[in-house]
């Protein structure tokens, strides 16, 4: 598994790529804090620096200077329980017959074990357990007797699952997005070159212009002189399976993904939430920072219509939007956890209610999602302790009922509060006065796509991929390897 | 100088104080990131752990376990240019004839050199350059022939300047605030003891109740069994000199300082700002996170009245409040700075404009203050690059024209953009379409105090203390040492 | 290149192998200080911990506990100029079709590039530049369609050069020595298992008994229950090519290599040195610690015979053996190098002459070898500065005239003082009163082997392997791969 | 307590002193590995860098560059059980009325508590528990109304115990040795200045010439321009109390202390040992490295006379000297200790017997001292396990029966094997065939001094100082403070 990660690839006209790659990774830091790495190419030589920790800790000035060459790729890796293991840090780099190969991968293959076994059967030896090494070996093998584009196509036909890849083959930088476009990847134009990145915020950081998303099934090859890029549509499926959760939770609000600005999507999901399950209260309060955009849209809508959908009378200001939970801005860094009996207070280390905003008020608390339910319960209890008269909870996404197999490490099914509880049971458990989630229809509606073009496995339990033991939500239209190759010939 | 720092002191009924002190410091982390330290007392033994870095990095579980005793004090220190020096980290601890002494200091003495010289003249040797060691030596000397309360009084009469101190004398914990109350300090009640802290947020974090602020010139002595505290009003002046800038910038929004909730103060300063210099525009946008509360109050007021002060017509919604600058949440951590020619882009690493909110719009950008002007200039230019039609800048405090001598390390006079420029000249330099600051009167008004009870030296150039080469804004009413002592006899 | 390194492999009856491996590596620390690593096997799982630095720094208690399983291998790596690169640290571990493979390698292949190219040609991808990965891939490939012993034989037939390997294949531990036995490897019996190690000192450290050396061309497979080992003589050549320099310089004096105790070999080389080129002087003084055993043998012989070979008269005690250069026992650890103009004094940081032993005396200084000549020159000058009347230098090995290609990183040809200088020219350069080296015949004589059974490439310039651009000292009798395989069928 | 430590002080003509101080400390590293520090003076400014760990780890190039000034002092501190505490690291530096003071101390005061209490009584506050801070405060106080020389005299009259001090008072460097000369301190001349150091090896390392030892009770003041030094004999007692154990164990063999070369002293102690208790055996073997010089003298004497003292017959070579225990040269660095049941083998990690030298032989094992007896027992057992026929143990010093109060942290009385056991009982416990120690008379004889001029408290239980609960071995002739001052006027 390569989890929620961030990938980037850059090709420039002569200028060293290491610093732009570094700042690009810095902009994608929210997608992975476990490790960071950069691989660059400099004529015939590959330079690699991969280190555990945050981008800022992983590289020194000297490291960046040693990463010669005007082309390269980068990666930030998301921490996953128990796997703090430097051997899985990326980019993964190998050298083989016809040159060097570097890979950065965001996503998760569903047939990695099968492909690995097949490659092992013809003699491949693996130094890690990762999907990425499997892709690298398959691609290296295909490059033995095929040109670059056909080799990539063969590998795409062989591997199933979600993947956004940036690849360096000597000093050629490429980007590939899986045929269903599950993980995001976009193209940007810089002053003197081009960039591929998981999110457009990385392009903005480098003062570049977003060109467009990489299309599902597309291979983008950056020109080595930074002058442009070529596109190869290698696989073409009827449906896509964009991850809706990127929009709800994972991506930066200032990123544009698949043509939608994440911030606006979140505000619109908040507006829908009011429309579907608005409740009158004294205050609309976001859980910072995750609920802020949702709450702002919800409060906006609430100032225009009543819960019933009628226009508000002119002398009714509707609910007030207010920040009532203040965040310790050092949260997220190392600190010693409270002991068991201090544990229930732990939430106070992160969030502190503002009494004047809370005391005696009926409050609507807005968040993006509920995973285990523990935090929601603590927040409701925190507000009640600070004198809240009522606490209504509204969530900007449907209940999460099943795990993600596509690369977002949310939780196991047992840990998900909604996996085996009704909304009413959850409301009881988190002790809210009322609780409502957004509908799946509303999500599809806001994202302005067909429900069948989204991956909503985690909220429906039906997946757009064949996963052993799970249901699929569509007839898989994947062409076989043979079919694909002949199509290409 | 001991700069803007955070102090805490705790006395409990038997339970070890080290963990509550740790979480208290964690809540005050915004007041100082250079070093963190705790001193505890355990019967006859003093335990000390002081380390460079953030609270979370400065202590291990084992460190906390070694800090025995149910009474102690803590300190977080603010980084100041060029002084990354472990010898100044606090608490400062010494042992002397009648026991052990630990001191945590927030503030800045104006006569430290003089007191130091006097003590050196009678044989004292100093291991650091800090004010805190001077106070410790003076107090230790006074304790040779006076009881605790009288010794503290003598020291208070001897030292001039701003100070909020937590002191441990063996296992007695005390708090002192200078006679003009420049730096904040408050008292809180915990389940099984009492706490003194720079800000009430530290009390909240420990699920305690704010009792009240320590009064200017007051000594508070916590009972060793955690059952209460005694108060000694040791010096009583007519005027106070509360630092208004704590409210504007430095304190956490969820803290209550001198009876005012900081968040509400900032919202009200924002409302005043609209009243004094409101301008109609499409969007009101905060600089995150510093301008958020100001912008929210400003937008609220703008939805009620027109810039002229008239009620808004019912069909006029006024200006829209929107977050248009998205913050990289990893900003503030280590990273390699861009090279000189990338420098102007550096602001993009921290803040990214949301195009849909900015493009073609007239924007009012709200911040709490302008120090050097560099960031404001970059933000205006960033918004213009993203297509803003107009950028109006509104600042929730008066222009900073002079340095702070009382413990907030803002900048030297040369660096302050307002020190020798008119508002119009500043507007030109930051390239805004219009610029307005709040008046000093508005600040006093919102803080509901007399102008003469505030220290506004940094915005008036006149200080409530005698500072060589600077003007004072009041006849100093300080009793001389002799007078004070006889008054006490 | 895998340079002078140390390897170990252990198979025990149930007890975890990690601690014995750790102590074994500790005993071999002199063979490599750059990195240390252990790979263990535990049923189906391979555990690996490889880290830069000394053994004591590379592992924590927790690391050893995590290295489960009663079978494993270890490696210490020698630092080589410019290659401080964690990607070459060993053991190298891979998983492939039929299981897991771990390799520790001491030696240097002469056809690594060729084998690598061949493997790349059939699709292998490499993550490092090392020989070891090449061996691992070749062995993994052979294991696809051959049993363990035949797979190892095929690999031995394919790779040319020097190698002592410990290999883990799942929980089977093996040791292999190249057909010419260039690098040492021996077998030891422990209380509850067996051990393979570069030197017998590692066996002693674990209170084991040396069984015998692994024979050139032999594969030794340890029983998984620690009960014994099997031997397979896979390649059988007429001549061996044992490295004589292991005895002179590299191995621990307390190790037994190819049936000779290193300490005794060195003493006997010292005796020969007296016989060949003894010179009467007041004091025989070793360069500590490298020259001590040589000097002790030299002085012993000198007390029995005169330089001419005659028995000493009974009233003539011969020369006195004395330690006259005292070593700073912290030498070898980190310290800041003297500046250029302090450089000539640098030797004083390491060695300090004892004046009473040196002043006015004629001294014979004994060392094991001269590489660049810089140290010898400094030592002679140091003794002269301390008042030595004469300084005669005697070296316990022949002049080093050519580089080592077999895994000992001595120096490039340009750096070797003897590469283009006569003994007289060297004497002049190091400013000694006289200088003599031992003959190659004496070395062969002391090691009690045929000259043709030793690798003396570095002192003859003729190698027992085909090295591009260098002469060989023998008709290579290596069977071709085809021949070998049919022989085996 | 400041234990066995190393001190140095240097004054140069313009050249920065930091690097020479650094190399001086490096040469004294054996005297202390816990911490290292340097204080320099540069006109009016004092620079200090003190860090835990070895000299090589404690300083970077940048640290040395920041230590400006051509005068300074340095210190290495010995680790003592339980006190790994950075607050005691030295040099200790303070600033006070008339300037800055830095102190490096080797030794131990017997009245530190008393002086501390007295100073505390007049207002002094202490930041550590160390003797050194007490001396610094006393000296600073005396400097308030006395010139440098008289102030030092007053302090010497006030403090009792052992001390060798290097002191910086602004850019004046001084050295002081206690009136009984317990700890060593010597003066050296450098090319462009003068040096004070605990041992002459530090002078050699800097290519300097040993001038002489600092005399007991003498103050040496280095000229600030490096041109010479002044001497002030401030206290003059009849007897000295030089520590004999410096010669036996602690000092480097290449140092000259109180006019004796330590290496020669050890060899002569070895010769005496043969004379007093020689035993015929096949091999004389040193415990490396501590027993080497003793064993060499013992074997020398044994080749001349029989145990009875008669000349050896000409055909009798006497006993053979041989190194039979080989040391792992990485011993002393970090490594994970064996578990309890591996513990008895632990000695093998450090020392490995050479079988050919040991097997079937009767061996005389020579060491400098026996403290707890554990190591001796392990060594005897190690030799027996390797086949030794007999093991006779000979020790180059008398039995240690009492603790050291003068600064050498040997062990508590309970831990000393000789504290309550006869020699025969010790022999039984370490399982040797015979055991003999050297007599106290022999020690005094070899050191060519009166027994009354040595401190032999640890082997007699009678001390040259008044120590509570211990006997003294002489009438103390210390002049009172009053007497001393009038004598000086």
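Order of writing sets the chain letters: A, B, C and D. Residues in each chain are counted from 1.
Keep this in mind: a residue touches a chain if its C-beta (ideal position, glycine included) is under 8 Å from a C-beta of that chain, and two chains touch if they have at least 3 such contacts.
Keep in mind that what you see is a predicted model, and the values were worked out from it rather than measured.
A separation of 64 Å divides the Cα centre of chain A from that of chain D. Note on chain placement: the centre of chain C and the centre of chain D lie 38 Å apart, centres being C-alpha means. One finds 52 Å separating the Cα centroids of chain A and chain C. Among all residues of chain A, none touch two or more other chains.
If the chains shown are joined wherever they touch, the resulting network closes on itself as one ring, and no chain has more or fewer than two partners.
Across the whole structure, chains are in contact as follows: A-B, A-C, B-D, C-D.
Chain B makes touch with chain D in their complex at residues 93-97, 101, 117, 120-127, 136-137, 140-141, 144.
The touching residues of chain D, when paired with chain C in their complex, are 19, 22-23, 26-27, 29-30, 54-57, 59-61, 64, 201, 204-207, 252-254, 261, 263-264, 289, 292-293, 296, 314, 322-323, 326, 328-330, 332-336, 338-339, 342, 345, 348-349, 352-357.
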